[in-house]
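Chain IDs A, B, C and D follow the sequence of writing; residue 1 opens each chain.
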């Protein structure tokens, strides 16, 4: 038995009985109160969706990636909808975001002890809740399905096959971004995130390194342009939505307000689960802090200065030192500074392997012209109260004379 | 000057400076915390959208309906994007939902004194907030644009032209439902609400009654099928989404919980504005009430019995009396009963007028085969705790032997 | 081995090696030159698609319907993508339209001997081409797959299981209309044909008559509204697209021109295959006939009179006799008359069976309010040269005084 | 008076009475028989659309670009839907493709005298047909609207304002590609061509060169990413659809067949108009030429060798000389060679100007990281009969040892 949930991105998502139980757990239900894009809905009114829909979508796509690989490599992955590998993978995808802080990425630097949300996910998986749930549902899970393999897939420390499954949950070609790009585009009402999912699933492939024996998610040569499109979709979602000019300053105000109030997301998983967007909003509403009002009344700092989109390392260092200089001339709290130094492709040295028609394997960076030239987005933005904008702008312009550019 | 907001339904929605100020008002910003479909997201995970996006969409479509009418009847409505009539209409559409209770329709029977949300809208418009806003923005509003005509359009008590504009905001062919059908479909991920907006806007027309001189929103004969499709879209959204089996019982639990806690939405507009979904959720979270847990833990009553979808008046009376009989055999609180007696077309006696190619005017009910046979949805559903389901089902079956049908 | 074709409706359609060979056959390739909607592209410019895409889509959906049934009734249909039943069904769907005349339905009354296109399909299947193809591809077809079962499925004269498969190809709930509604909407740019495919596939079911043991395609009770939406989608496609006012008169001119030139579609399959849209256009281009020019120069007859959309039997008879009366007062060829007496639902006595939650089975007409009241479209339209329009209109109005209505 | 045509890309396209007459002209109606993507439908079955829909779409988008510019620069362009400038522009867009040869770009090298299709467009505009049409429709055209300004806009030799309008019809940011990217994607069923039209129209702007006084189509700085997305959409449509591996070899066969038969598209406009896809297909059908059968029976040459996607100039020269060497070792006709040396951005020296928030103007190549690194697609593909594939592949591999890559 199973049921199917209606989803705006993938139409029907089927959920089996074990997954349904996990879906009802406190850790999953909490995600209904954690918006996928933090405060972005204050800029893109449609972006009111929570992480709950996203993890369902990630689960669905993890299954589809599995099916595509299993069809091509049945010796590695059992080509069966009920195989334990596939079920563990789907569960891992469903659970992969339970450690997200309120407002998702907006405030994720405020974990006690500086842990990352993936570590919090691991901690929540240690709580009795989910263990009890799996224990009590053994007749639903069947041989080989359980919390242990799920944890190994999430941690990336399983056997060779599980380590391949880990890449489906988190990696350069993962179900996570395959879902969120489509989903965030749908809700924001933009087209940037619409890559060619069908083609990607057609051409994704599991490739084994002849020396190490390790498996990697790769792409067939005639899917390279579909992969590029995925990377570009992500690039544009970053520049247009995730790093949106106004969205970013609202996040800065949020972080300031949280810091003012000494808020840190508890290291303790049990206590952590009590925090979500709702608990923060409730507290913020009564606050008279400038930063709370900036968000609630949309009376936020405005852009005074920004660098171009792709700073070189030298430019970055120079700007950092300018920032320090300017900072000394200003009262504390006069500016808020964002730096979007996320790497939009994360290809680094490893690279997604590409298999050509003759079976040869080469790194993506060698094959793809675009990927080779894609550099990380590294831009600083300086925001101030609107009354001080001109003055502060002038300060930076005096020290950083080149023209700002995208 | 103006700006444009990205919307998933209408792409860009342009907002002029006066509208932007209204958008920043407390009454409008509150709508960000009132979900358009109440608790429906617990059934359709995508349905997390608030009324804020909807009122923007209603404003946009009100303007488009205006343009379509003005092009065909420029003697009545000035065919100009900046005409005061058009601007007042858009403002009215933007403000038409500010009186909605938390969770929109889910709990709207709990207004103090049994007022309707439209009355609350009128009350909020009497608060100093919006009056001050308009007073302070006279250089933006221009001649003939202001809160008074907006109030008249919302109340439906203006002059002949304004009464036509009132129909664009609220009536059988209003911008309200034109927007929400598309919007709710988009977020739920269903297709039921997708009628042919383009065709409708092509064929909508202002028609004058030769005797009374009154203007009515009508449709040209070759738009009749597009109008039918709008009505059917609404019909299916009611049956599939708005009256969803599980969604309805969650609403019943919500109302029970609110009643248990003596919650009524204040008659006083100032105090009313403090209530939204967030304030209710915060209170409900700590509650140990069965009804709160039903919602929070999805441990809700289940369907024990339902009638068919279209009860006749006689059947309705008979079922009401059966309900009473059964009720006497049960402990209080053992069942929850929903009755979806909304009229899906509301055509009643007036009817939308249809203009044929020769200029003759006839009522829709005469022209449209479908509309003539469309009857209101009147169905009772009885829910109980799952352990008591069979027993209670048997009670009803004994008294209402006909087969349940849709 | 297999390949995948890109399709605007179903994204990727996978084609196995045997299907690929059939696709390359003359009978299938000819469909590239038979437009799906005849002359409709002269009214809806986007409607330039041929039957070739449609038969691919019908094949794809036949497979999906099969999968949905097999999942629910594995004892009847083997739940395996490579099962012979499934493969024969897909081949039947792929081949089901090869007997279509040029311009599809527009000229299908001109078959020699008054045969129907389904009979021509059967004849083409008797040609050596396809027999040779299947003979030469035995290593691809495998046990149980071949032209004989395909013919039985198309003819509806197989065993009990095959007769169920026949209904998937042609029936009230067939893959044929599931595909063409979506496809024709996509190309015309209308929304009328957009029903809820996902829901329909979720709720379609094979039901056995306890007495006769026959299997029928039915629907689960909670899919009744999805079925209604399919029927309504078809209804609106008929009224808005397939029976379009201008489209219909162009078809009438086409038929007149074909008759003038003594064109009949050969009864002989071999000769029949030489006829397609291209061969007709080539001949028509040089023609000076008024009917050819009507199409080529868009100088066609115009509507002089039409009845309402749903004539009763008595009204129909009366109008037929009026037609005769008027005809005697006119020169031959002064009017062209269309009558759209197609039944939009074809439910008749059989009806699609509905299975309720308790397993009970009832006919659709009893369960669905809409289906019960849906009557066939029966409307006459009289067209004339534009110069004679008023006069001829007056003639009909004199004899048929009731107001024309949709 | 006017009417509206339904279009799958832009919903309703309104056509005024003069445009309607032009639409009925022989030159426009001929475009119904010229497929937009030549033979691409043999690879992407959905791509059966003709140029007729495209020119309607280009007309619609030209009007929208005009409106966007006029709103921002009303001193240059009259902000009025009926302004002569706007009407001439729309007519120019409607007529801009009438000179296309059969199968659009597939065979455009076969014009007599090596003229380009733009020159043929100019010649057709000199035929009495259109001149007579405009003369006979003076009451519809109104002051300032006519064939002369249309010709100037198409030729790019008008006054300063008209030269700006010329760029809307043909240039780096023209309505032509804005339409065809969306349209070809829709029909092929791919997503590659889906850029952000709304954002582009928001940020497109007319910019005046302070020195020369010339106007250019430019983009505001916050539209740079939308412009990049347009360029990338085009890049991917080239690599995936327009330069499709199989599509290209079919085009090569078509050109061989045309050359075998001595077909050249007449320099004389009157005779040219008799040629369209239909006339070519009719002739090709009876041909026993290997090249005709390659297309009709899909028995075409296969890829024996290809270079990487972006050859440097030196690599290009080297490959050309290898081609010559290999050619001498083969019988004539043993290979067919394609070279896709189209420049996907055509930015060249001019560059689209970008206006930043301070009003400064810089070239796109300086502002956009992507555009700077985007290099033209220059790839050779060598096709042969399948029996000779290996041998010929080996020949090239011997001389061009580097690995083939995309």
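In this section, a contact is a pair of C-beta atoms (placed from the backbone, for glycine too) under 8 Å apart; a residue touches a chain by one contact, two chains touch by 3 or more.
Since the model is a prediction, treat every value here as computed from it, not as a measurement.
So if I look at the partners of subunit C and the partners of subunit D, which chains show up in both lists?
A, B
Pick same or different for copies subunit B and subunit C, depending on whether their interface residues overlap by over half.
same
Taking each chain's centre as the mean of its CA atoms, how far is subunit A from subunit B in angstrom?
Roughly 36 Å, centre to centre.
How many angstrom lie between the centres of subunit B and subunit C, each centre taken as the mean Cα position?
39
Starting from the mean Cα coordinates of subunit A and subunit C, work out the distance between those two points in Å.
The answer is 47 Å.
By the touch rule stated above, which residues of subunit B touch at least two different other chains?
Expected reply: 6, 11, 190.
Can you list the subunit A residues touching subunit D in their complex?
For this pair, the touching residues of subunit A are 190-192, 194-196, 199, 221, 224-225, 229, 232, 236, 239-240, 309-310, 356, 360, 362, 366-370, 373, 375, 403-406.
In the complex formed with subunit C, which residues of subunit D make contact?
By the definition above, subunit D touches subunit C via 5-9, 11, 24, 29, 32-33, 41, 44-46, 48-50, 52-53, 56, 186-190, 278, 281-282, 296-298.
Contact residues on subunit D for subunit B in the complex?
4, 6, 11-12, 198, 202
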